[in-house]
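By written order: A, B and C. Residues from 1 in each chain.
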Amino acid sequence: MKIIVCIKQVPDTTEIKIDPVKGTLIREGVPSIMNPDDKGGLELALRMKEQYGAEVTVITMGPPQADLILREAFAMGADRAILLTDRKFAGADTLATSYALAGAIRTMEYDLIIAGRQAIDGDTAQVGPEMAEHLGLPQVSYVTDARKEGDKLIVRKESEESVQTLEVEGPCVLTVLASAFPARYMSVAGIMEAYGREVELWSADRIDVDEGRLGLKGSPTKVFQSFPKALKAPGEQFEGSAEEAVELIVRKLKEKHII
Amino acid sequence: MDFSNSKTEELFLQMIRSFAENEVKPLAAEVDEQERFPMETVRKMAELGIMGIPVPKEYGGAGGNVQMYIRAVEEISRVCATTGVILSAHTSLCMAPILENGTEEQKQKYLPKLASGEWIGAFGLTEPNAGTDAAMQQTVAEDAGDHWVLNGTKIFITNAAYADVFIVMAMTDKSKGTKGISAFIVERGFPGFSIGKKEAKMGIRGSATCELVFENCIVPKENLLGVMGKGFNLAMKTLDGGRIGIAAQALGIAQGAMDETVKYTKERKQFGASIASFQNTQFQLADLETKIQAARFLVRSAAWKKDMKQPYTKDAAMAKLFAAETAMEMTTKAVQFHGGYGYTREYPVERMMRDAKITEIYEGTSEVQRMVIAGHLLK
Amino acid sequence: MDSKDYKNVFVFAEQREGKIQPVAFELLGKARDLADASGEKVVAMLLGCGISGQAHRLVEMGADEVIVADCPELENYLTEEYTQVVYKMIVDNRPNIVLYGATTIGRDLAPRLAARLKTGLTADCTKLEIAEKEDGSKEFRMTRPAFGGNLMATIICPNNRPQMSTVRPGVMRKLTPEPGRKGEIRTFVPEFDRAKIKVKLLETERKGCGCKDISEAKVLVSGGRGVHDKAGFDKLQCLADVLGGQVSSSRAMVDSGIMPQACQVGQTGKTVRPDLYVACGISGAIQHLAGMEESGYIVAINKDKFAPIFSVADLGIVGDLHKIVPLLAERLKKEMAE
């Protein structure tokens, strides 16, 4: 079985702060990490490798520094790593990103493609399904479990109020939730070998795409502007005894006609 | 010596920090409170290869080096000193002497299982009447033809209650003093060997410190470790390595206490301002931070020398002396900065202060380290 | 492509188990604004099985037209079946804008369609507007949080049509229903390309968490780390009962297993806008604020007077919730009795 896992390097958004004066993101000192849902996807692939035997290939699109998460994937147990890197990919929105990834995957052999549900820097959840469409493959999103049954895949999918069990025929794209696949740590032996292995660098020429649909040129959406979130003006603050606080709350709720 | 981390070290630190934070830290208070050996954590460390970091791959280890192993002890001790010493005693005091002194058969037999963490290691030198004066060994090993017979008692043995393999010192020739001491590899199941009472300790309360009791214990001939009569030397060399481990443990404790103190002093408000904004806090923390960083350089340099196969006895003693005293000072002040809360078990600094004390005592007290350093200096 | 050929604001009216979801009505409310701003129509797309009888409800809630596809294949949401039908509706009708709920269904369907239509899609929008450009022409602007809610980004889709976005449930306001409002209901007869259908639904289990949907509550009493434990939440429940509300939670208390995930407010939980939100022992991480700051009136009770929650609270009480909450419940009980 050949499994391809799409991963992305993201800034750890829980560590991001806003410059209160300039209103810009302070990215300095913010660690770059493997996107959590993608790591969950890699975990699912590695579990399937242990259970059924598989070759696990990780692929990412990004700048040369994204090498780091591919090394991490090696140290977790991935067999092969591909870094799609080219200036032609720069400025891509989700449609152009998914198109480039699909163009790379189209040149490879696979039985299953796994991606994270969404990346924590954008939270769009669009690249997985868009990539599936470009490849003409079925998709299941919000996956919390997957197992083989003959040549079919039995997949559990989480929604707001229910859990569905689905049967999928043939190669497909799954997008998975990190919470369902707590990822393993890198092993010490894996870490020792990670930098001795080869990360394949692929440029736009190497993959099967129409270059006009890559990067900024191939992106239908543009960022018009970005700005820090405006917090509303704080209301009044009270410090005093519990009894006084209660009286104040009751008075305010009456004033606002809430009670 | 390069002061920056290699890419491999960066990856290793990322793993060990997240392991310490997510797997070790949540159990630290409970392990202390219940005086419980954290076997589940040891199993997890085993699975990841943390129990065999500096052991070469051909013996089932991860093929790392002493510097990486030391970082693991530091990062783990930063959140739980009990777990830190379990790793240190296992690696420095049991696997290292076998790796450095064992026959090929001994290495093949013991290292793969120790490095994979299937077996846990321990080391027995101290006796009721032979502490700092380790030459006063009363445990004896008699040559009974095709095997050895051991009799005696060892005390304060880290990991003892859960260990499978013990490196044990015993007199093979009482007339020769330290030159009559030899080292043996003793397995848990050997007839006549039992684990005695467990100590109730001030700190590192989960490390299962017990007595080892040998009553006509039968040890196979081939389990003599190293050269007959060179056991004292082997023990001292082993402790040199062990001291780097304990220095790293002390460093980790100090760093952990600093982490807690920085967080707390920024949050805690008194007189309408965070206590971190007071110059008394700032100056004291600046001094402590400098000492911690100095301790770190001493520890790294000793580990680097061991990796480079350079003499490191004095370096290890200096690292342990300074890191242990820094840990004691840092944790005591951490409690002070936390005020009344620091004295309660609601905050981890109380535990850290109790844990720090042992680093000034075991694997050679601070006084012994001074003797070693002065001995090198004045010879 | 000439963008002038594309007209009207389409809404994907999501249904589950034959029930039109609240988010569909919220989207109609917003679509109405957008359509009025550019003199276009609001068109709802309703897919399901035995659903036709409910089409008029969409008209009452703001749709000028409803296109209904009613057949057994569409009973449950499945990616390929729904994509084929909605794709055809879009290609045939050339809408200018298409809106979807940012639910597990909308976020599965919309990107699939975006790739098939080769157009742009903006996820999880919190604000949508038709703005006038300097040259007098109109532009659809979609604003959404990025970087974990730390930054807002306004996205445009200038050269591709339709312009599509998903919108988080609970963010837009639905209109007051207008019974008897006139609108056209059109039937669409789907044809499926069955060769492309590779996914079969075997089973659906409902998740029983026992709690009602917090995004529907008028009053929420919400607890964070400061509540400590289950016993602390019991105090909150008493207060919620007196106020006729429900209890919700911050992420910390969900992660620690004290509260179920369905009760979580925030970026990774639910967006809520009750009339009254009482935040107890919640420090107010930006991810939490993103999920509740639109509430009508916010009371925050916290020991730390510098807690960020106070920056969005209308009334901030610095104090111990464990004392104040039970006292407040008692006091309100008396008040209500009078």
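The criterion applied here is as follows: a contact is a pair of C-beta atoms (placed from the backbone, for glycine too) under 8 Å apart; a residue touches a chain by one contact, two chains touch by 3 or more.
Computed from a predicted structure; not experimentally measured.
The innermost chain, defined by the distance from its C-alpha mean to the mean of all protein C-alpha atoms, is A. The chain pair with more C-beta contacts between its two chains, of A-B and A-C, is A-C. Relative to the C-alpha centre of subunit B, the farthest chain centre belongs to C. Centroids of subunit B and subunit C (each the mean of its C-alpha atoms) stand 55 Å apart. Here the CA centre of subunit A is 40 Å from the CA centre of subunit B. With each centre defined as the average position of its C-alpha atoms, the distance from subunit A to subunit C rounds to 22 Å. Residue numbers of subunit C whose C-beta contacts span two or more other chains: none are found.
Residues 7-8, 11-12, 14-15, 18-19, 47-50, 52-53, 57, 62-64, 68 of subunit B touch subunit A in their complex.
Of all residues in subunit C, those touching subunit A in their complex are 16, 79-80, 103-105, 107-108, 110-112, 114-116, 118-124, 141, 145-160, 196, 198-207, 219, 243, 267, 275-276, 286, 289-290, 293, 296-299, 301, 305, 310-320, 323-324, 327-328, 331-332, 335-336.
Remark: subunit A residues 68, 71-72, 75, 185-189, 191-192, 194-195 touch subunit B in the complex. Taken together, the subunit A residues at the contact with subunit C in this complex read 11, 13-14, 16-18, 25, 93-95, 98, 120-134, 136, 138-142, 154, 157-170, 172, 219-229, 231-232, 234-240, 242-243, 245-250, 252-253, 256, 258-259.
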